[in-house]
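Look at the two complexes coming up: chain A is in both, with chain B in one and chain C in the other.
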Partner chain A sequence: MIRKKILLLGDFSVGKTSLVRRYVDGSFDDKYLTTIGVKISKKLCSIENIECEVLIWDIEGSTPSKKISLGYYKGASGAIFVSDVTRRETIDSLDEHKDIFLSENPEASFVTAYNKADLLTDIARENIELDEDTFFTSAKENSNVEALFIKLVEKMLS
Partner chain B sequence: MINNDIHDNQNELLELKALLFEEEIEAFNALEKKLQTLQLELNDSEQIIHKITPLFDQVLLKKFEDKDERTLEIYAKYLAQIINKSAKNNLPELSKSLQSVISPAISKEIAENKDTMIDALYPIMGGMISKYVTQAIKEMMETINNKIEDGLSFNKYKRKMKSKVTGVSETELLMEESSDATISSMFVIHKESGLLIAEAHLEDKEIDDVHMVASMASAIKDFINEWIKNNSTQSEVQLLSYGNATLYIESAGSVYIIAFLDAEPNYEQRKEINTFFASVIKDYASFFQKFDGDDSADEIVSLSKKMEEYLYTHSHTKAQQQSKIDPVKYILYFLAFVLIGYSLYQFNDWYRKSSLERTVYQETGEEISIGSEDEYLVLNGQVASTDIIYKIESTIKKHTKEKIKNNLLVPMTYLDKRFNNESQTVKKSLSKVEVLEKKFTNSLDDLQTKVLTLTKALAASKEDLEQLRKSTTDQIQVLKEKKEQLKKVVGIKDTISSQLDTIFSNNQFYNREDHTLDFRKLELFRAGNSVSELEAMKIVTETFNQYIKVISKYKEYIEYIIIEGHTDSSGMEADNIVLSKNRALAIKEYLERHSHIKQYNMDSILKVEAYGSSKAIYMNDVEDKDSSRRIKIKFMLKESQILDNVRRVIND
Partner chain C sequence: MKNVQIILNAILSKNIFEYALIDKNFIIIDISEGISSYLDTEIKRGNDALRHFPEFVGSEDEIRKIFDNPVFTYVLESIYKNEFYVNITVEHFDENKALVLLHNISDITLSKQKLLQCSNESTLHNNTLQKILNSQNALLFVVNNEEISYTNQKFLEYFGVKRVGDVRRKNLNLYQSVDSSLESYDALFDRLNGKEEYITINNDTFILQASLVEERHKLFTLTKITKLSKEMELDGLTGVYRKSYFNAYFEKLMNENKEAILVVVDIDNFKNINDSFGHQVGDEVLREFATLIQNNIRSRDILARWGGEEFLILFEDSSLKDALRKINSIRELIEAHNFKIIGSLTASFGMTSRNKEDNCHSFLERADKALYQAKNNGKNRVEFKKN
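Take a look at the complex of A and B:
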């Protein structure tokens, strides 16, 4: 079996932990997130008969007073960048997260989640352009959560 | 004139001024008055401050509200100086003043913005905590070091030597000695990704979700390393402990190893794990560098096996080490035990001898010393007299059963005096002995004479005695013979009875109880008749002959041979008596004619006795009439004859 480390990155309160909770088979208690800034979960995926277990590092959103340890970024094969679609600044900061991640893992794959999409109106949704690696997701309505992860795994294994 | 003109012109000019500049002049006058007032105020600083301060306040407030950097910078500078100066001049007062303002403000801020305050304080508090923890550990180590210095155990020197050789401080070695850890699991983890490459566990020590645990351990390690780095320390975290669980982490190249233990590993264990880890790195370095998360590689299988073997070997070795007995320790314990035992023995010996010395002093007033030699108590010293020596000996014997070697001395002056006294006594005794000897010699002569006389008398007595013995022996023989005769006479009845019992042992007409002939089973007579049956009479005769043959041997002691006649209970008893008598007489007559009684000359003592039915025979309360009609024959001894014979034997 193949195992890969992936990261969930994004600002505070964009719904990273909720996405993980929706998706995973098993995880550590949420208290680790507030203690050391990361929570590990796992999920077994099967893509075209290839089994891959992803170890998901749900990394706490950074603040000016509390920077994330770069050690967490190392050795990741992929990342999911999460933003809150209702908060513009969380979408704007995605590039910064991507830059940091790719500086540590230049060959890694990634996908992007515009989370809390259930709060968007249809008109607003139509006005946002998406590429093939970006998804509207809703942990609340379990929308596109699995597709998001599967896409990332596909990219990592390709 | 001219002067007057000038004067007039000036007046006119003034009038003209007054007319033209009336308002200005008033204003000027007013200004002049104000100027005078200002001049007065300028000289009064209090007035100036009173006027200017509100303006300054307004300006300063405006600058603070606008967060004017220059203003803040100046104020920060002077505020710091002011506080410093106040602190130097009167620190308690300053603290009191600041406390009353700052404390409520901080409390309020913490209550309202907890997270912000923690973020702000963490860098300071973290450093402080680290500093105090470091200080506490340092103090603890110093305490342990002091204890090491104070220790007297063999281990102290062993530890000191080990510390010199290995370069590890005694404190660490001491802490390591107290640990005894077992490695239950071992992980090899990819350093960058935190992915688990290989794992091994002891039996029943498997860990659930190993890959998540490996990742989490990796994250914790990164978190702590990051913190250490922020604190300008070059080292990496090596030990993580929580409760009884300890993770020992050793890092190298692209991987690190985590050993899960039940206690902190000691120096030797760490060295052992590191050696093992070095061998793993050496064998699998290229594989580790290429590791991409695929766990199907053969190297992982062989590495897991190698780790498992190490765990079991280590576990086994530890069990062996635990079972080992440190011989040096036990030898030391033994020696200490022997030393204590010997000391106790010595003390007890000393105490016992001292007690004896005191007792001797109390009872005799003499000071002696008591020692030991082999199994003896040796008495040393000088005493006043030989009598006291014996007294001392008896005193000691009362308190101990040990053998005594007496080395006590007495002064020569005492011995001289004692010798003279003894000589006088001996001389006196000798003269007494001489007198006694003379008396003894005389007595001895008398005694010899008496012995001679006695010897003669004894010889005479011996002859008499021999004769007496011989006579007595003869008498005893006679007595024995008489005793036999007497026995024979007295036991005549038993002798006859015994012989009869033997002869008639199987005869149905012989009664062993009274040694009589009883013909009840032989129907001699029909009822009411005294004529006997012929065949039956023949049997009676034969039986009687045997009977009389025995009795005849003792004829001289037999008074009568009695034939008893008996009937059944039918009819009148008077008739029955007559009938029984007739029956007995009929038998008597028949026996006189047909038996051997005459040949034995005993017919004269044959007589009859009639009993009628008085001795009729009953069986279960029913009379057996055939048996009742019967004849019995018995003998009667001459009691007087026997008594005469006895008397004669005795008289003889």
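Take a look at the complex of A and C:
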């Protein structure tokens, strides 16, 4: 069976753990608990009859005073860059996360999540332009979470 | 092999370290007794190591190098496995085996997590506060030990700087905008003493207030009221200054003993316009008349509506000759102007310059007498009364 390592990267408190929990367990908890280190979850995917076990690395968020250990990046086939759409600074720092990840894994695939989209007004949503690899997601309302992960797996397997 | 296992078990204390031995094909050869507590599935000799250690997926090539070279190790820190935090290290055992060590660091990691949680929540609270402060219309700045240590975004935008450090470099010394004799923010704070003061910065009017945030931090707020104060100063119909503003300005000018030339203007036969065309047209004429004068004087000259169809013009820093020429040209412009609906009209001008003994009343009275003279002498003319 194909096994692929993917990372969830982004600033602290953008909802990385909630996205994983929603995708893997189908659940959501509003309480914020800081992730420390990394927790690996498994999910079996089937894309066009190809079975793939996705190993999802939910990595602690980077903070101004704490950067992520580069050891976590090694051997990743893909990444989901997560921002909190209500915190501008978390969107601005996405490029930095991408640069670090791609310098370690130049061939890897990635998608981007503008998470907590349930908190966004319709007008604000219309003012943000998205490309085909970027999704408004809401782990709380289970919006676009599956689509986000599937898109990444498709890109990795293509 | 058995001896090795005994030694390993002895070296690695039960709850701190657990181990697994794997071969080059990532097959489990051996395990310590307590390792299963860190894994969510039952582990047996002969199992695929990648099933129990998904952490190795993607790093297989790197780990294989360890078998051939005792110097290499593979380390992953703070991995959450089955409700424990562990550090995982893969080390050379011999050319066919590698040793996977699990070091339980749950206690210290949970302590770290508490600290990090606290720090992250604090940062989120600070971000929220920052957003609230940035959404305020007032300009906020905090002074600590005579140095501006914090500002909101509105403050930075107003002074055209990007960060607080730039504010310090600019050496703004805002206390001097209140009173040039003030030498510090402490002095300004003492002067305000819980009250508010009007302050002018870059031709904008602000209400300045101050409060103590902590013992050493003084919060100053600048609320811009330029637009509001301007609206209060202007005549609603014509858009030129109100009489009340003119009076205040005039009094200040007289107190400062400044040279000035005063002109009283009156539209000739304005009553006929109101009677013939109605008050709405009369109002429109007043608007057009005021605009015509306003557009033909300098921005620093003061034009005010004195009442009805009477206006005042105050010239400062102007010679009598220049002012006379200007007023005559305005009179001619008015005469030649084609007013909407009514066509043409004329105006009379009474003019005088200030003398040393003048007060507001005497100065104004002389200009008014000059106007009276202009009316008596046939209207549509400028009369000057010597001081």
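We take it that the second predicted complex is superposed on the first by the 144 of 158 C-alpha atoms of A that agree within 3 Å, B and C clash if a C-alpha of one lies under 4 Å from a C-alpha of the other, contacts with A are read in each partner's own complex, and residues count from 1 in each chain.
Here is the rule we go by: contacts are C-beta pairs under 8 Å (C-beta built on N, C-alpha and C of every residue); 3 or more make two chains touch, one makes a residue touch a chain.
Note that the structure is predicted; figures quoted are calculated from it, not measured.
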item: Which superposed partner A:55 touches (first chain B, second chain C, both, neither); value: both
item: Chain B versus chain C as contact partner of A:3, first or second or both or neither; value: both
item: Partner chain(s) touched by A:69 [first = chain B, second = chain C, both, neither]; value: both
item: First, second, both or neither for A:87, with chain B first and chain C second; value: second
item: Where chain A meets both chain C and chain B, residue numbers; value: 3-5, 32, 36-38, 40, 42, 55, 63, 65-66, 69, 71-72, 74-77
item: Of chain C, residues touching chain A in the complex; value: 50, 54-55, 57-60, 62, 75-80, 85, 109, 112-113, 116-117, 119-121, 123-124, 127
item: In the complex, chain A residues that touch chain C; value: 3-5, 12-13, 32-34, 36-40, 42, 55, 60-61, 63-66, 69, 71-72, 74-77, 87, 89
item: In the complex with chain B, residue positions of chain A that touch it; value: 1-5, 26-28, 32, 36-38, 40-42, 53, 55, 57, 63, 65-66, 69-72, 74-77
item: Of chain B, residues touching chain A in the complex; value: 119-120, 190-196, 209, 211-212, 215-216, 219-220, 222-223, 225-226, 292-296
